[in-house]
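What follows are several structures.
Each of the two complexes below includes subunit A, the first together with subunit B, the second together with subunit C.
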Partner chain A sequence: MTRSALLQRIALYAFLLTAAAIFGLPLYVMVATSLKSMPELRETGIFALPRALDPSAWRMAWTGACTGLTCGGISPGFWNSVKIVVPSVGLTVLAGALNGYAMTFWKPPLSGLLLGLMVLGAFLPHQIFLYPLVQWLSAIGIYQTLPAIIVIHCIFGIPLMTLLFRGYYSGLPRQLFLAAQIDGAGFWRIFLCIMLPLAAPVTVVAVILQSTAIWNDFLLGLVFAGRENLPMTVQLNNIVNTVTGERDYTVDMAATVLTALVPLAIFLLSGRWFVRGITAGAVKG
Partner chain B sequence: MTASVTLSGLRIEYGHHVAIDGLDLSIREGEFVVLLGPSGCGKSTLLNAIAGLEPVAGGRIEIGGADMTRALPKDRGIGMVFQSYALYPHMSVERNLSFALASAGRPKREIAQRVADVAGMLQLTPYLKRKPAALSGGQRQRVAIGRALVREAAVFLFDEPLSNLDAKLRNDLRVEIKKLHQRIASTMIYVTHDQVEAMTLGDRIAVMKGGEIQQFDTPEEIYHRPANRFVAEFMGAPMMNFLEGRIEGRSFLWQGQRLDLSGYGFRTAPQDGPAVLGLRPEHVHTTGPADGGTALAAQITLVEPMGPETVLWAETGGETLRIRAAGDIHAEPGQAAALAFDMPRAALFDAATGERL
Partner chain C sequence: MTLFKTDGARARWSMPLLALGPSWAIVLFCYLGTVILTFRISLTSSGMIPNGDYVGLAQYRKLLGSSRWETSFGNMLTFGAFFLAGALLVGTALAVALDRGVRGEAVFRTIFLYPQALSFIVTGLVWQWLMNPALGIQAAVQGWGWTGFSFDWPYDRGMAIYAVVLAGVWQASGVVMVLMLAGLRGIDRDIWRAARVDGISTWRTYAFLVLPQLGGMLATSVVLLSVGVIKVYDLVVALTGGGPGTASDVPAKFIMDYLFGRQNIALASAASIALLVTVLAVFVPFHYAAALRRRAREGAR
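And now, the complex of A and B:
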């Protein structure tokens, strides 16, 4: 290795280590703090390793911490989020796949206009629509219910999902679609037997993007979900902001880590698929 | 199974662009018809229209005597093979072959039987469980052909099926397709821009240009009696020689030479005036006139040995002629040659319209 190559290597590693520290340190502080008790935290500071692994803060965060008036921990929020995320992701991804397929291959009239609207829908800030949507949902009587928040996530998610799938499908050879027509497959059979299975890589990407985005949502959940269905992020905020007596940082940290756990797990488990899905080009053969 | 195909007044538009305007074509039962033409002339467009994959702006498509102008692709009794194979990449060969029958809701036993038959016919049986990605190009194309075959179509449409294959495989599969046609006797419409495929496979060839059929005839007629200069230029390699001169009486005047036209079969009585004489390279002889006819002094400028034949380039009077000579000829650039034209087999074209005289 020459001198300059060695220097480059050193610089590269210095950069990577710094970057890792910037992202890793807060995570370490959170996890370490959540495993301490308050007296220990005061004594040792935030950077020290915990003396013993004390899970009491985690238990408290999960089942006992006060979120506003009730003190049931963050677990109800977790289940609320699951109830919101699973149907929302399923519906948006499926609808996006179907829209993308129809727009790419069947080219309905006005599909150009439709595409323009989709782009607008995908990239306009959501806050603009907040007030009209509140009005509309109230009018049809489902404002602040579970269906309401699911509908809202669908409205905001479908345009982006459609664009994602459309981009993927336009990379597929059109002759596949023609061959399927010759083989006597109709709109649904071509979608279900050919186009949807072929879109598996982009579907993985779509599910990851959507589940992370919807899990992390705060604003829409706060406005539309209603008291009974507040998602985990909102509950976390309530825990952190509800101060009765002494503020217990260990519980706050444990609750935060718990909330971040789902998107974190999704990325760790599917990171490889994600990269593969994003880079997957047209299918050959 | 077999069926005739009749197109009348066919018109196909892409937005404001008219790809095909008023095309007529009548294909007999069991015939092998090749659509030949340069890139962009509308071959695929025409084939897709017959398949029902492209909406028709006007005219009529009949298959087996029934009006199919607006019928769905699956109801037309056609099978189609695409240039890029278009196999379903996520399905095994077996599922690729059975997809059409499953779509039609045929019973499982019948499907299995048909797939086994076709796989046997195309020597695909060992590969039935494989995905297309694990096949060679030739095997993939055989699967694509098999997918059309299982449907027991009356009309097969091929869109440049061999153009993605290397030369050797192309020859092998060409022969296979010809044998297949002899065996199943279905009507076949085959798009290509390869003249060898066109000449060897076609009962008749439709030469196309700019969405119009220039000539629709047997390979022999197309090659030996091209209907216009475009067809003459397009067919044959090395290309036909074109000499610009004049007709005077029963002779063609070129470079001060008077070439005898008495053996030429004119379509209508010839009129004196400018014309173009077309001579295939094999109709220019370097051995001098056998029967004491006109000899042309020329100089050989280039020698291309091809094995069974040698292509010579010879210059005379400022024109370069392509000559097809025997493979064992001994010729050197710079050598002098005495040329003779086989005038009865030449083609004469109108200088202005390019139509055959």
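And now, the complex of A and C:
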């Protein structure tokens, strides 16, 4: 290796390591802060390693921190998020698969227009649509309940899921569909026995994409879930940003880590699938 | 209806149409219907609940005369410009660096991409903590002897929106990196051999030969990041709360505050329509230009 090539290598690694340190810093500070006590934090600052692994801030954040009026920690929010995410993901992914299948292989009239409007709607800020939805859900008596927030996640989640599955199905050979039709299989049979099993890879991507998106949602949970069902993100923001009295930053950061844990775990465990999800959503959009 | 001329066509499409029924309902009622209702409310003097007192465009005049809306809208443009530029620059630089064949590429990728998995609320709160004037980075650096150092952007009227930009770039650069890296890997490797034969430096090869071929990935990144710009809300709420005062307010937060906090749904609806019109004014010409270019390319083939 020549001298200049060696220098180039060194510069390259120096750049990458600096960038990695900057990108990793917030995660490190978040975890380190959550493992300290306030006196230790004041004394050693935010960059120092914690002296001991003190889980008391985590315990406080999980069961004792005050979210608005109640002081039950963030654990109710965790379970609320689970109750919201599981049915919402199931429904949106299934509906997305069915829509993508129907649009790609059956091409009923106006499906191009439907797809275009879905894409447009998915890209606009939700705020534009909110108020009438609040009115309608109030009129049928389910505003600020668990069913309401699940319905809302379906309304805003199905378009992107449809896009994802349509993209996948249009890459499959059409002969598969035609052969099944010649064999006498109908709309539902082709979907359930052929197209849904064939879509297993994209279904994994869809589930990963949707669970992270819905877990991380704040706006819709805030408006539609109601006080009994507030998701973890909303409770987290309440713990940190609406406290009265002295703030305990170690508990704040412990609650933040706890909220980040689920999507981080999904990201680390799913690796390439996660990447495929964000790029698929992007490229098709 | 000529669409369903024969019984055969009706039978053929009845099931697919039934399957797409819920989606049609979403688009017609929840998207188009709500926009029409929102527009109607924006023409009234409604406060907490909608009333039938039509006042024409008075709410729009009020909106355009509102200094808070002006701040919000300006902040969206500032955020948009710096966030796009920052994320594209950082993401592309990281992609090019990783494309040079480095050890531990998978580890670097994971580190650059993990912020993307986090909620905007988490991102906002972490950066609020890092920029805490009493205990955050500012205090640490001052403690090392650099006493004039200041890094308290969320609490500084002039800098608050740049705090949001910084957190946003941190979170979104990873996606640009992934897209650009995929683009770089798709480029014909012969270009490098040709460049070396001609004695062109690595840097110039990237700048003039390789990166210009990544137009598609660049466009995808821009679209993806722009959607984030018009939707930016959670990040502001968690990081600055729109403050100090309304210094880092954005349109999406303006709408939420007037809808639920200040109970002025008519003004909030006018703001929603204004935001929608702005987005369409940018999106529709962009979409048309892309469609025209596609058609031109297909015609040339």
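Please note the rule applied: the second predicted complex is superposed on the first by the 260 of 285 C-alpha atoms of A that agree within 3 Å, B and C clash if a C-alpha of one lies under 4 Å from a C-alpha of the other, contacts with A are read in each partner's own complex, and residues count from 1 in each chain.
By definition in this document, a contact is a pair of C-beta atoms (placed from the backbone, for glycine too) under 8 Å apart; a residue touches a chain by one contact, two chains touch by 3 or more.
Computed from a predicted structure; not experimentally measured.
K.L.:
Following superposition onto subunit A, is the placement of subunit B relative to subunit C best described as a clash or a fit?
P.N.:
In the arrangement built by aligning on subunit A, the partners subunit C and subunit B fit side by side.
K.L.:
Just checking: does A:Tyr143 make contact with subunit B only, subunit C only, both, or neither of them? Give me first, second, both or neither.
P.N.:
neither
K.L.:
Check whether A:Ser111 is in contact with subunit B, with subunit C, with both or with neither, and answer first, second, both or neither.
P.N.:
second
K.L.:
Between subunit B and subunit C, whom does A:Asn216 touch in the aligned arrangement: first, second, both, or neither?
P.N.:
Second partner only.
K.L.:
With the two structures laid over each other on chain A, which partner does A:Trp273 touch: subunit B (first), subunit C (second), both, or neither?
P.N.:
Neither partner.
K.L.:
Of the two partners subunit B and subunit C, which one touches more residues belonging to subunit A?
P.N.:
C
K.L.:
Quick one: the Cα-centre angle at subunit A between subunit B and subunit C, nearest 10 degrees, please.
P.N.:
90
K.L.:
So, A:Ile182: does it touch subunit B (first), subunit C (second), both, or neither?
P.N.:
In the superposition, A:Ile182 contacts subunit B only.
K.L.:
With the two structures placed on a shared chain A, what shortest C-alpha distance in Å links subunit B and subunit C?
P.N.:
The answer is 7 Å, the least C-alpha separation in the overlay.
K.L.:
Is there a shared patch on subunit A that both subunit B and subunit C touch, and which residues make it up?
P.N.:
Subunit A residues touching both partners: 283, 285.
K.L.:
Could you pull out which subunit C residues touch subunit A in their complex?
P.N.:
So the residues of subunit C in touch with subunit A come to 3, 12-13, 15-17, 19-20, 22-24, 26-27, 30-35, 37-38, 41, 50, 90, 93-94, 97-98, 100, 102, 108, 110-123, 125-130, 132, 135-137, 139-140, 143, 170, 174-175, 178-179, 182, 202, 220-221, 223-224, 227, 230-231, 233-234, 237-238, 241, 251-252, 255-256, 259-260, 265, 268-269, 272-273, 275-276, 279, 283.
K.L.:
Considering only the defined contacts, which subunit B positions touch subunit A in the complex?
P.N.:
48, 51-53, 72-74, 78-80, 82-90, 99-100, 103-104, 131-133, 135, 140, 147-148, 151
K.L.:
Please give the residue numbers of subunit A that touch subunit C in the complex, ascending.
P.N.:
For subunit A paired with subunit C, touching residues are 8, 12-13, 15-16, 19-20, 23-27, 29-30, 33, 41-42, 45-47, 95, 98-99, 101-103, 106-109, 111, 114, 117-118, 120-121, 123-133, 135, 154-155, 158-159, 162, 186-188, 212, 215-219, 223, 233, 236-237, 240-241, 249, 252-253, 256, 259-260, 263-264, 266-268, 274-275, 278-279, 282-283, 285.
K.L.:
Spell out the part of subunit A that touches subunit B in their complex, as residue ranges.
P.N.:
173, 175-176, 178-185, 189, 193-194, 197-198, 283-285
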